[in-house]
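Paired with subunit B in one complex and with subunit C in the other, subunit A is shared by the two complexes that follow.
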Partner chain A sequence: MFEAKLAEGIIFKKIVEAIKELVSDVNIDISPTGISLQAMDNSHVALVSLQLSMDGFESFRSDKPMTLGINIGNLFKIMKLGDNDDSMTLKAEEDPSHLTIIFENEKKGRFAEFNINLINIDTEHLSVSDNEGGSQLSMASGEFSKIMKELYQISETVNIETSQELIQFSVEGDCGSGSVKIGPTEGETREEQVVIQSDEQVNLSFALRYLTMFTKASGLSSMVNVSLSTEAPLVVKYEIQNLGSLQYYLAPKISDEE
Partner chain B sequence: MELNLSYKDVSKMKSLTDKSFDPIKDAPYERHQHIPFSLVAHACQIIEECKGEKSQDLVKEILANVFRTAICLKPAELIPLFYFFICRLGPEYEGIETGVGNEMVVNAVTQACGKSKTKIREEVKKIGDLGTVAAESKGSIKSLASFFKPKTPKIDKSMTVLRVFETFMSIAKRKGSSSVGDKTNSIMKLFTDSKPEEVKYIIRWLEGHLKIGAAEKTVVSALARAFTYTPGDPKNFPPSILNYRKKKGETRFNEREAELDETIKEAVCVFPNYDKMIEALLELGDSHVEELPKKCYMRVGIPVKPMLAKPTTGVNVILKRFDGIKFTCEYKYDGFRGQIHYQKQDPDDPTKKKIGIFSRNLENMTETYPDAIQYLSENVDEKVDNFIIDCEIVPYDIRNKKILPFQLLTTRSRKNVDIKDVEIQVCLFLFDILYLNDQNDIIKKTFKERRDIMKATFPEEEGKLMYAVSKDAEKFEEIEEFLNDSIKDSCEGLMVKTLEENSTYHPSKRSFNWLKLKKDYLETSLGDSLDLVVVGADYGKGKRTGFYGSFLFACFDEDAEVFQTLVKAGTGFTDEDLKKMHEVLNELETTDPDPRIKYKEKNIDTWFTPKLVLEIKAADLTISPTYMAAHGRGEEDKGISLRFPRFIRVRDDKKPEDCSTSDQIYSMYRSQQAVAQNDICFDDY
Partner chain C sequence: MGIHKLMSLIDEKAPDAVKEITLDTLTGKKVAIDASMCIYQFLISTQTLKQGFGVTELRDKDGNLTGHLVGILNRTLSLLDHGIKPIWVFDGKAPQLKAGELEERKEKKKEAKEKMDQLMEEGKDDEAAKMAQRSIRVTPEMTEDAKKMLRLCNIPMVEAPSEAEAQCAQMVKDELAFATVTEDMDALTFGTTVLLRGFGNRKDPIRQITLSKVLEGFEMSMDEFIDLCILCGCDYTSSISGIGPVKAFKYITQYKTIEEVLEVLEKENTKSKSATKKRYQIPEEFLYKESRAFFNEPDVTKKEDLEEFKWGTPEEEALTKFLTEEKGFSEVTVNNALKKFKKTKGKANQKRLDTFFKMGTKKSTSKVTKTKAAVKSKGKKSFK
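On to the complex of A and B.
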C-alpha cells in the first residue's frame, strides 16, 4: 500500500508539465523514503531524473517498494483537473493496476478522485552521477529560460564555452549569428546573483530543442544550476523546496559538419 | 541448461554464399532466440554488393540461406522475414499499409539524431538515399549510454525481425490524424534501438523499397530454393534433409528447384497469400511440396492475379501473331479492371451474400462500388452459388446509353461510398469468368467455352451489366474498322484474344494470347507534338541521383501572359540529356515559383524560371484536377493534362512565349473524338 499527500498539489502538476514533452512513458519508483523517476527520451540523448523525499510530504506511507508505469500525457490530463490550491494525494494498492489521484479543497468543499491505468514499461536504469569539477553556473531560472528560448529562435544548436569568469552561449543560424556572455554578479537578492565556478574550461555544443524543454521546469524553482564537463553530459538542476530536485542530463552534440 | 542469451556476431558468420552453409550450425542465432535483425541487414548489405553476370543467382543463394536458417530454427518467423524482403506486411488484397510518408520518416530521423531537417534534406539530395543518411547520422550520435553505465546487467537487446515487423504492424494499425505522433515515436524507437547498418534498411523499408536489387520475383525464387535445399519438417529437429543438393547431387537439385519455383509461382497467382503458402510449405515437408496446389487454390474471396495483355504497335502485328488461328476482338473499355467475387451464402452469416470487388492490383475496392454490389446482390440467379468474374467497371450514362470518361469515377473515394451519394452509375462490362459453382477448373477451358458459360450465367441489362462488345474477325480491314468503332464508342481500343487454341486463363501472365491495340499506337490522335516550358522538377533518386528525376511542364496562356502547368514527365530522356538539362536548369532554380507560373498544388521539389523549351509527345489529352492548362475554358476549376508524355528534344530555338498555347491545347482536347462524343454530358455537369 502506498499513499502520499502533498499539501500543494500544484507542485506535482508543474513537475509533470516539465517532463511531458521530453518523455512519453515513465516508471515512477516508490520507496519507503520517497518517490523517484528516471527516464530517457526516445533518442537516448536526454534524461530526466526526479527525486522527492518523503519529508516534504504532508503524509507519506509506503510499505514496500513498487514501480508504477505511467503514460505522462494521460497523467497530465488528470493533473489539469485539479485546482491550483488543491492538495493532492497519490494512492496505490499492492500489485496495483491503477494509480489513484485525489484532489481535495476544504475551502471549496471539493473532493475529486481519479484513477489512471498503469502500463508495463521496459526501461533500463542508468546509474547517473553528478558532475564533479568542470564548470558550474547558478542563476535565476527565468533568465536562463529566456536566453535559451531566444537563442533557439536563431539556431538549433548552441555552443557553450566557459572560462574562469565567463560563460558564453553562441549560436550560428541562417539569419546570422550571435552570443550571450554571462559573468558573475552580486545582486541584492539571491535571484539576482550569478555564480560561476570553473575548475575546468569546457567548449561543447548542445541541441537547443532539449535545453528549451528543460526550462519548462522554471516554475518549480527560482534558481537553476547548470554544470558542464568535457567528460560528462550537461546537467541542468532545479531544486524543489523542501521536497527534492528535478535534474536533466543532456549528451553533447557532435558537430553537424563531421 | 544454460541458455546462451547473446547473439553471435553476423560479421563472423560463415559466408551466406558458401555452398556448404549449414542452416543450423552457421546461423547467428539458436532455436530459443528470435531471428536477429542483424542477419537481415547483413544479407541486404552483401546482396547490395552483388554485381555482374551471376549476381542474380548469388542473391537467390544468400536469401535462400537466410530463409533456411528460419525453416530449421524458427519456422514461425519465416513469414515476417519473407515479408520484410518484399516490403509488405501481408497479402496485397488485405491492403495493410503503414501509411508512413517520406515526410514522417524524415521527421523521425531528424528528431532521433538531433540534426536539423535542412541538413538531412541536403544530405539526401547529395547521396540520394534517406536510409544511408539515417545510418550515417545514427553513427554520429553520442547517446547518454556512452557516459552512464546501466544499473542492471543488460540482456541482449539486439533488434529482432519480429520486433521490426510488429512495430510496422502497429504503425499500420494506427489511423487518424492523431496517429502521426505515435507513428513517428515508433519509428524513432526502432531507430534508437538499432545499429546504424540496421537503420539503413529499416528506413528504406519504410520508404517502400530496400534498393538491394532483389525484386519480389527473386525473393519468391529464393524461397523455392530454400525449401529445395531444406524442406520443412514440422515433426523433427533437425529436419531430416538439411542439404538436398549435397545429398542428391547437382542435377536432381536443379530439377527440383525449377519444379518447386514453378509450383510456388503458379500457386501465388491463384492464391496470392504468402502467409498461408509459407505455412503450407513448412507443413508439407520433404517430398510432398507438389501437394502445394491442393492447399493453395483459387477460392471465392481471395483475388486471383488478373491476366494481362501485351501491348502491340499495330494491326499487322496482331495478324502475324494470330495467323491461321481463331481469335476475337473485344472493346477495351476505359475504366477500372474489376474482379468480382460472389458467394450466395457468406460463411460468417448465411443469411447474407458475400460480394467483393478487387482491382487489377488486388486491392479491395468493394466499398467503392456500392451500386455494382447492389445490382449483383439483387440480380444474380438463385441457382448460382458462387463465381469469380473479370470485368471492366465503367461510368455509364444510362439515359443516353453512353460510356462516360473514366475520370468521372476517380472522384469516388476508396472507402465508405454511400449508395445515396452515387451520382454517376457504373456499368459492368463482363469479359471472362474464372470460377463458377465451386468448379475451379474453368480457367483451363478455352476462352470460347468460358465466354459461353459467362453469357449463359449472366443475362445482359442495359447500363448495369453488359458483355464487352466483341467481334470474331479474320481480316485486317475488319480489325481496323472495329478499332475505329471502338474509339467512336469511347473505348481505349481493342483487346485481341485467341478463342480456342492456347486460350486458357493464365493468372498474372502478360500473355501473347491477349494483345491490346490502343489508338495511340496507330498515331491517329495527337500526332503533333507540343513545345512546352520546364517550370519545375523533382530531384532524382537512384540512378538519377544528382540530376533531376522528372520535370513539370507548362504551356503559355496568351490572354493572361502566364504559364499554366500541364504535366509532369520523366520518360524519353537519355543520361546525356539529363546531364545537359541539369547544367542548364541548375542556374534557373528558384525557391518560390516565378509569379507567371500558374499552378494548383506544388507537386515538385524545386521551381525554375520559365526559359527552357522542350518538345513533348503524348498519347492523348485528359481532364485533370491537378493541372492548370486551359483552366477556365472547359470544365469548372479543372485543367487539361497529357497522358503518357515523353521527351523528344530540346528546342533551343524557341522562347518560352513561343511554346504551345492554352488555346491550342484546348482545341486539341476538343477535337479528340472521345470528348466530341461526350460533349453533351460535359455540358450537363
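On to the complex of A and C.
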C-alpha cells in the first residue's frame, strides 16, 4: 500500500511537464522515505533524476518499496485535469496494475479521481555520482532559461568556459558568433544574486537542444544550479522547496581534435 | 544469401536477442556498414518503371549505374545527422569456397535478364521490373565510383581482403565499431557481437541482434552455432537436402557437431525403406569443414593493420566536379548534400552518459500482465 498527499498538486504537474519532452516511459521508485525517478533519453545523452522526500508531503505512507512503470505522456494528460490550486494524492495497492491520482479542492467542492494503467518496462539505470570540484554557477532560473533559449536560436552547440570569476557561454552560427559573460553579483534580492565558484577551470561544449529542454523546470524553482567538470557530465539542478530536487545530467560534446 | 532462415530461428528460439531500436539510440556510436550489400539495395530501390519506356535506372553519361551513389550519400548523411559515424566496408576477392554460389547467382542473373527482355516485348512491365531487380549486376567500375565518392567525402572506408561482412565482424570484435550493419545474417556467424538490420526500410524499426543473447537463447556454444549455420545453408557449401533450419537446430542441440549429425543421418538413410531415394541427400562435396574454418578464421584485416578512422568534411570542389561532371548528378542535388554535411557537423561528437557512469537495469515491480501494446489499444472493449 502506498499513499502520498501533496498539498500543492501543481508542483507535481510542473515536474511531469519538465521531463515529458526528454523521456517517454519511466520507472517511478516508491520507498518508505520518498519518491524518486531516474530516466535517460533515447540516445543516452541526457538523464533526469528526481528526488522527493516524504517530509514535504502532507501525508506519506509506503509499506514496501515498489517501482511503477508509467508513460509520461499519459501521466501528463491526467495531470492536466487537475486545477492549479488542487491538492493531489497518489495511491497504489500492493502489486498494483494502476496508479490512482486524486485531485481535491475543498473550496470549489471538487473531487476528481483517475487511474492510470501501469506498464512493465526495463529501464537502464545509471549509478550517478555527484560532481566534486569543477565549477559551479548559481543564478536566477528565469535568466538562465532566457540565455539558453536565445543562444539556441543562433546555434545548436554552446561552448561553456569558466574562469575564477566568470562564466562565458559562446556560440557560433551561420548568422555570426558571440558570447554571454556572467560574473558574480551581490544583487538586492536572492533572485538577483549570481554566485560563481571555480575550483577547476572548464572549457566544454554542449547541445543546446537539451539545455533548453532542461529549462522547462524553471517553474519549480526561482534559482538554478549549474555544475561543470571536465571529468563528469554537466548537472543542472533545480531545488524544489521542502520536497527535494530535480536534476538533469548532460554529456558534453567531444571537440573535433580528439 | 547469408544463412538460410536464421532470422526466423532467432525470432523463435531467442526472442530476447532481438531489440527494435531507432537511430537515436545509436547516437555517438560507430557502425561498420557492409557496403556491397547496400549497393544492391540502393540499385534496386532507384530502379523505376515508366509506362512505355520499360525499366529505367539512374545512369551517368557512359551508361554506368549511379543509383548506389545516391543511396550511399543519403545513408551517410542520415547517419551523421543522428550523430552516428559510419565506416563503409567493401567486399574484396570472393573466397574460393563461394565460387559455386557465385556461379549459380550469375546464372540466375543471366536468366533474369533474358526473361526481362522477353517480358518487355510481351508488354508485361510489372513482371519485367521484378526480373530487372534480379538481373542487376554490380561492375567493378561502379564499386570504384562509390569508393571514390566516399574518399572525396572524407568518410572512412575499408577494402576487405575477402568478405565485407567478415571484415565488419572483425572490426566490431576489435571494438573499432559498435555493430555491423547488414542484412546478411552470416555476420553473426563471423562473430559480430551486434548486428543491425532493416536500415533499408524507413517504416519498420531497425532490429538490433546481440550474438551473446542468440547463443544464450539457443543454448549453444559459438562452435555449435557455426555448425548450425552451415547446416541451415550458407554461401560456402551446398547443403543437405531434407535438412531445414528446424531440423538443423534439433540435430545440433542433440549431437553438437556436424560430424555426429552426419553419422546419424547416414544411419537413418540406411533405415529408409526405399532404396532408390534416400531421405537425406548429403552432397558429394559437402565442404562443412572448410566452411567452418572460414567462419572461424576468415581473411580479414585486423585492427593493427587498419588506418585510424577519421570523419572529415567533404572536399567540396572535387566532389561536386566528380558527381556533376562524371556521374550525372544535378548541381542542386550535390549542393543540398553539401549543405546537409555542414549541418551534421558536430552532431557525431556527442558523448554518451554511459561513458561516465556505470549502467545497470531496473524493472518495474508492478503486476502488469498486459504488454505495452495491449495497454495502448485499450478502449476497444469487446461486448459480451
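Convention: the second predicted complex is superposed on the first by the 254 of 258 C-alpha atoms of A that agree within 3 Å, B and C clash if a C-alpha of one lies under 4 Å from a C-alpha of the other, contacts with A are read in each partner's own complex, and residues count from 1 in each chain.
Following the convention adopted for this analysis, contacts are C-beta pairs under 8 Å (C-beta built on N, C-alpha and C of every residue); 3 or more make two chains touch, one makes a residue touch a chain.
On a predicted model such as this, the values are computed, not experimentally measured, just so you know.
After alignment on the shared subunit A, the placement of subunit B and subunit C results in a clash. In the superposed model, A:Asp95 makes contact with subunit C only, not with subunit B. Applying the stated contact rule after C-alpha superposition, one finds that A:Glu156 touches each of subunit B and subunit C. Counting residues of subunit A touched by each partner, subunit B versus subunit C, the larger count belongs to C.
When the two complexes are overlaid on their common chain A, residue A:Lys181 makes contact with neither subunit B nor subunit C.
Once the two complexes are overlaid on the shared chain, A:Gly69 sits against subunit C while remaining clear of subunit B. In the superposed pair of complexes, A:Asn27 makes contact with subunit C only, with no contact to subunit B.
Contacts of A:Thr123 after superposition: subunit C is touched, whereas subunit B is not reached. In the superposed model, A:Lys77 lies in contact with neither subunit B nor subunit C. Shared-chain residue A:Asn42: touches subunit B and subunit C both.
Subunit C is struck by only one stretch of subunit B after the chain A overlay, and of the options 37-45, 469-477 or 631-639 that stretch is 37-45.
Overlaid on A, the two complexes show subunit B and subunit C touching the same residues of subunit A, namely 40, 42-47, 124-129, 156, 207, 232-233, 249, 251-254, 256.
By the touch criterion stated above, subunit B contacts subunit A in their complex at residues 111-116, 119, 140-152, 154, 185, 188-189, 191-192.
Chain contact summary for the complex, subunit C toward subunit A: residues 22, 24-28, 83, 346-347, 349-372, 375, 378. Interface of subunit A with subunit C (complex): residues 25, 27, 40, 42-47, 65-69, 95-97, 117-129, 156-157, 205, 207, 232-233, 249, 251-256.
Subunit A contributes residues 24, 40, 42-47, 124-129, 156, 207, 209, 232-233, 249, 251-254, 256, 258 to its touches with subunit B in the complex.
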